[in-house]
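Input: structures, listed below.
Consider the two complexes below, in which subunit A is the common component and subunit B and subunit C are the respective partners.
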Partner chain A sequence: MNGLIKKKIKGTCFILPAFLVHLVIVLIPACSMFYYAFTKWNGLNEPQFNGLDNFRRMLTDYDFLFALKNNVIWMSIFLIVPLILGLGMALIFTKIGKIQLLFRSLCFLPYVVSATVAGKIFSIFYSPYSGIGSFFEQLGIRGLADFAPLGNEHQALYAAAFVDNWHWWGFVLVLMMSALHQVDAALYEAAQLEGANSWQILKNVTLPQIKPTIVSYFVFVIIAAFTTFDYVWIMTQGGPAGATEVFSTRIYKTTFINFEAGYGSALSLSVCLLALSVYFILKLVQKRGREQL
Partner chain B sequence: MKKWIRVLLTAMLTVSLAAGCGAQAENNAEKQDSPQVQTGQDAQSPNVQSDGEKKEINITWTNIKESQQQVWQDYVIKPFQEKHPDVTVNFQGIPDLQNTIRVQIGAGAGPDMFYMDSIDIPDFASTGHLLNIEPYREQYGMDDFMFDWAIDSTEYKGEMYALPHSVEATAMTYNKTLLDQLGKEVPKTRQDFVDICDTALSAGLIPISFGYSGENILLTWPYEHYITCYAGGEKTAQLLKGEIGFDDPDIKGAFALLKADWDAGYINDKKSGAIKNDEARTLFTNQKAVFNFEGPWLTLVDTPPGTWEFEWGQCAWPSMKDGMPAASAITLGEAIGINADTKYPDLCVELMMDFYMNEERCAQAVAAGFSTPARSIDASNYPEDMPEQIRKTLDVQDQNMNAESVGYAPWGFYPSKTAWFLNDNLDKVFYDQMDLDTFLIKAQECLEQDLADGYVFAG
Partner chain C sequence: MTLMQKKKRSKAVKLTVAAFITLLQIIPLAVVLLNSMRSNEEIGRQLVGVPTSFHFSNYVQAWVQGGYLQAYGNSLLIGIGSSVIVLLIVAFAVYGLTKMHCFFPRFFHTYFVAGLAVPTFAIIVPLFFFFYKVNLVNTHLGMILIYSAINISFNFMFMYAFFEGLPKELDEAARIDGAGEMQNFVYNVVPLAKPIFTSVLLIVFVNTWNEFLFSNTFLQQESMRTVSLKFYNFVGKSGSDFGFIYAAAIISILPIVVIYFLMQDSFVEGMTSGSVKG
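Here is the complex of A and B:
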């Protein structure tokens, strides 16, 4: 017993310095957001308590509600596209022997490119004068010569999401491959002996076995989708006409461009609570999934 | 042994953490002890501050080119350091300057001096973060040689809170070679302008090159031109004084005309939202566009002489309505804020005033590609070998600034909430995401809020 207490004290001592740094740099500023969310504050003056005004304003803030819609679209894209791509390619790669390493590395390559670099490069690709549009024009394909998705309010969000997907799906591939490697080979053998076809094996063996990984992926994507910022900011800063505005860009603009730090804190707090709610719901689903397994 | 190493490492980490906090506390204490505002006499006698310590002044500016930084070094910093060898001046250009500065200053830190737009002065001044320049105003006789309206633009509640660094008069930059090819003259009226734009479109050219992707703040250029040349400077002044609203027929008409010109494809073929401003400049450089929204800063500072292989010119933006003259908007291009917490307020003011007061040095700096200071410079002070591009720009700017009719550029005169709203939402009108009436109603709400917060028009 004595030894256990000593061990705990030792462990605490090791954690303490890092925890103190975390407390000062992350926890205290994060908690201060709760206070500022109920104030009128421009980031420079003394915050003035204004009750629930910021939250009332949020309900009629068209830009914020539009950002919410965009975040949901963004989240839907990332819940579906990289997963299908990653899982699909992982299923193929696990069957092609040693050469899979080469393909896996090639697919993973975009993940090591920084968001800034990828965003800038794709901005050039998307330019109507120096990108894909002008390439089509040179080929004489007039119909695609006007391809300028970042200047089109209906395409810009998908164009930015495409770049993030391009960057991200290689990681999902690796994640899914490692999950597939952990599936007990005996289960596949048993299914084959029972005469199951490929689709039945996928549906009844593979997917249930990698379900915890998929749910973890969902949790991760949902949180990441609520906080996505880099690609949108680098490529469009929420434009054109607010078409790519997401929570983070709206919060950033509100706080650091319009200098409404109090309202920005209220927006941040709401997003934080929203993400937490979704996180807990998914954790519940994950727990039930484990119980079923 | 291992146990002792663990204990030692833990102790070291804890001590260094505590030491870090301690150092900050000491710095803060030192800052509080240091004199916050010194007398004007001290500024004239820097030796009063010479106590053997190495003094350091940090200037933070926008992310300007190396050649621009060199001009700062050659004409502002070096001459000052020759006079004050004990002072080190660090000049740093950073992207996203305004946000960074606000966070730093708000946290009680930040550089000694920094670039700022005059529309941000009330926020900083009202919270005590800017040094009050008023004591230095008389000492350096600023009113004797600096433009009155530029000084007014730096005032908050009747007192100066920033140094007016540079002034500009907006302009239309045009490609004369292309105009000649199209058989057109430089436009003076709305009809001329529309005629050229339509002819340019038919010839496969872009009438006006303009890109604002990721930089909504640049939308300020088009609406400035349209308000100035459709509603006029007087109406703009009335609007900003709260005497008329955004629903005034002339103000509304200016925005409606801008929207119509966007729909007609005059403004970069409606692709401005897809390209950055750099690319729009490249289009103009490569003779794909006839006009450019940008004014003197483009040819004084941002485009090295000799880059354009065509005949070009600058003039006031053409009239957009019968009876309204072609006009430019004047504005304070750059202001310099001095941190109220600086240890060396006198030296900071002196650093810039030494430059502004020396007409010859100002002229040399401008000839080397510097923004035009907020003072008049006699033409005889400019060097003989000054690049023709700069001489031409200065002539046009001088002419536009002294014209009978001038407007007021938003980035120098509009209150901040209103300016940010217009910049952030104008393209929603372009893209039909917001109708013009709603846009103007919301702009009016912002203006009323600004006026209620104490904004005073400085024009």
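Here is the complex of A and C:
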């Protein structure tokens, strides 16, 4: 008995370093938000408890609530575009022989480029003086000469999403290709013997077989879209005129530029709880769906 | 048209589409690479073009004026520090959970997996002011701690699946021979786990090299900035010196791109294993 306890102590010591690092850097700060969210705090002084004031303020904070619209647009874009590109290209790539490896690694390449480089380079491309606009003007195509999407309230969000999508869809491609490779080849042969055409094979064999990958893709995108930050901040900082504000840029400005850390905590807490509850609802739906099969 | 011809034609169409999309995908990076070797006047005249002569001066100037030596030092220190720490602490944790007896194994397992669900924005606000109080803002150590912590959960899941699949007989044989846990870890587990350890090191290193939100918040001193962050600030200051900017972009991504092309397999496998982590 004594020996077992000794063994268990030893084993637990192997786990503790990772646990403690995670506890101090992730769990404790995350939990402390539940306290800071109910305080007036500038980050430096002692936080002062102010009850539900922050949450009451949030309900009339139209800058913040307006951001929801942009988060939803962002989510819709990423639910559709990278999936169609990634899955569509994966279906094509897996049927062209060995050269798929070269194409795959080139399409994946932007994924390893940092958001700052991708975002800033595309900002230059989007600029009317040094970018695509002037490129077309010099070619004599006037229609695109005024192309300056980052300065346009109606285009800026899509322009930033385009870059994030360029950076990310190669990752989806690789994911889908590995899902496709795991589909049992016998299923395809059987379908072909039955005389199914390629559309029927896609609908009845391929898609059902890779459904788990597609579902995890949806779950990931929905969660990630609530806290998307890098590309919006790097390319527009929420501008022009607040047209591209998302939750995270509002939180960032509130906390680190206005130094309203208490209110910023309340905003983060709300967004994180929103994202987590959506996550658990989706997991539940996913589980139900699996049980029905 | 025979079936063979039809199949051949369909393959040719697919090949063309694949080549076309791949070309579109790499054009932006190709433009960056070409422009990094052109002069400002050439770029000003036309955005897309082949360099008439190789302007290496762009690189020299970007490296020197941008202060990239220091930035490389910062990024290497933070990246290597974080990836080695993540590898060590996660490998030990997984080893303890899968190969040894320990207290509350289910709790620890659930804890690490659940860590994946914590959004970055749930920790950055309190963490910043906590680090500010204990003087970890603007330090390498602070960044290494953050990057180590936020990379634990994903790599835990990645390594756990692998360790669980290792044969138990080896450990038992080693223990009968009187080997301690550390000896067993070093001589039995490490040789088998080398590929997965490489993946973990690469993933964490690349993640830290490219990370933006935490580094932009916690590293405000010019001298502490990482390579990606340096580029972010460099572009704003350099106006229309586009030759430098494109050269600086190449300098910023080069190590990662080289690692990617040299070690593609362990890299891609690690990044896409079972999870959709962007």
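Methods note: the second predicted complex is superposed on the first by the 276 of 293 C-alpha atoms of A that agree within 3 Å, B and C clash if a C-alpha of one lies under 4 Å from a C-alpha of the other, contacts with A are read in each partner's own complex, and residues count from 1 in each chain.
What we mean here is this: a contact is a pair of C-beta atoms (placed from the backbone, for glycine too) under 8 Å apart; a residue touches a chain by one contact, two chains touch by 3 or more.
Please read all numbers here as calculations on a predicted model, not as lab measurements.
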Subunit B versus subunit C as contact partner of A:E153, first or second or both or neither: first
Subunit B versus subunit C as contact partner of A:S248, first or second or both or neither: second
Subunit B versus subunit C as contact partner of A:M33, first or second or both or neither: second
Touching partner for A:Y126 - first (subunit B), second (subunit C), both, neither: first
First (subunit B), second (subunit C), both or neither touched by A:G43: both
Contacts of A:L284 with subunit B and subunit C, given as first, second, both or neither: neither
Greater subunit A contact set [subunit C / subunit B]: C
Which superposed partner A:F256 touches (first subunit B, second subunit C, both, neither): both
First, second, both or neither for A:F135, with subunit B first and subunit C second: second
Subunit B versus subunit C as contact partner of A:Q237, first or second or both or neither: first
Intersection of subunit A interface sets (partners subunit B, subunit C): 10, 13-14, 17, 21, 24, 43-44, 123, 129-130, 233-234, 256
For the subunit A and subunit B complex, residues of the former touching the latter: 10, 13-14, 16-17, 20-21, 24, 42-45, 123, 126-130, 148-153, 233-237, 239-243, 253, 256-259
Residues of subunit C that touch subunit A when the two form their complex: 11, 14-15, 17-19, 21-22, 25-26, 28-29, 31-32, 43-48, 85, 88-90, 92-93, 95-97, 100-104, 108, 111-112, 115, 117-130, 132, 145-146, 148-150, 152-153, 156, 181, 206, 209-210, 212-213, 216-217, 228-229, 231-232, 235, 240, 242, 245-246, 249, 252-253, 256-257, 260-261, 264, 268, 271-272, 275-278
Of subunit B, residues touching subunit A in the complex: 6-7, 10, 13-14, 17, 21, 99, 102-103, 105-106, 123-124, 126-127, 129, 212-216, 270-276, 279, 282-283, 288, 416-417, 420, 424-425, 427-428, 430-431, 433-434
Subunit C-touching residues of subunit A, taken from the complex the two chains share: 4, 7-15, 17-19, 21-22, 24-27, 29-30, 32-33, 36, 43-44, 85, 89, 92-93, 95-96, 99-100, 103, 105-117, 120-125, 129-132, 134-135, 138, 166, 168, 170-171, 174-175, 178, 216-217, 219-220, 223-224, 226-227, 229-230, 233-234, 247-248, 251, 255-256, 261, 264-265, 268-269, 271-272, 275-276, 279
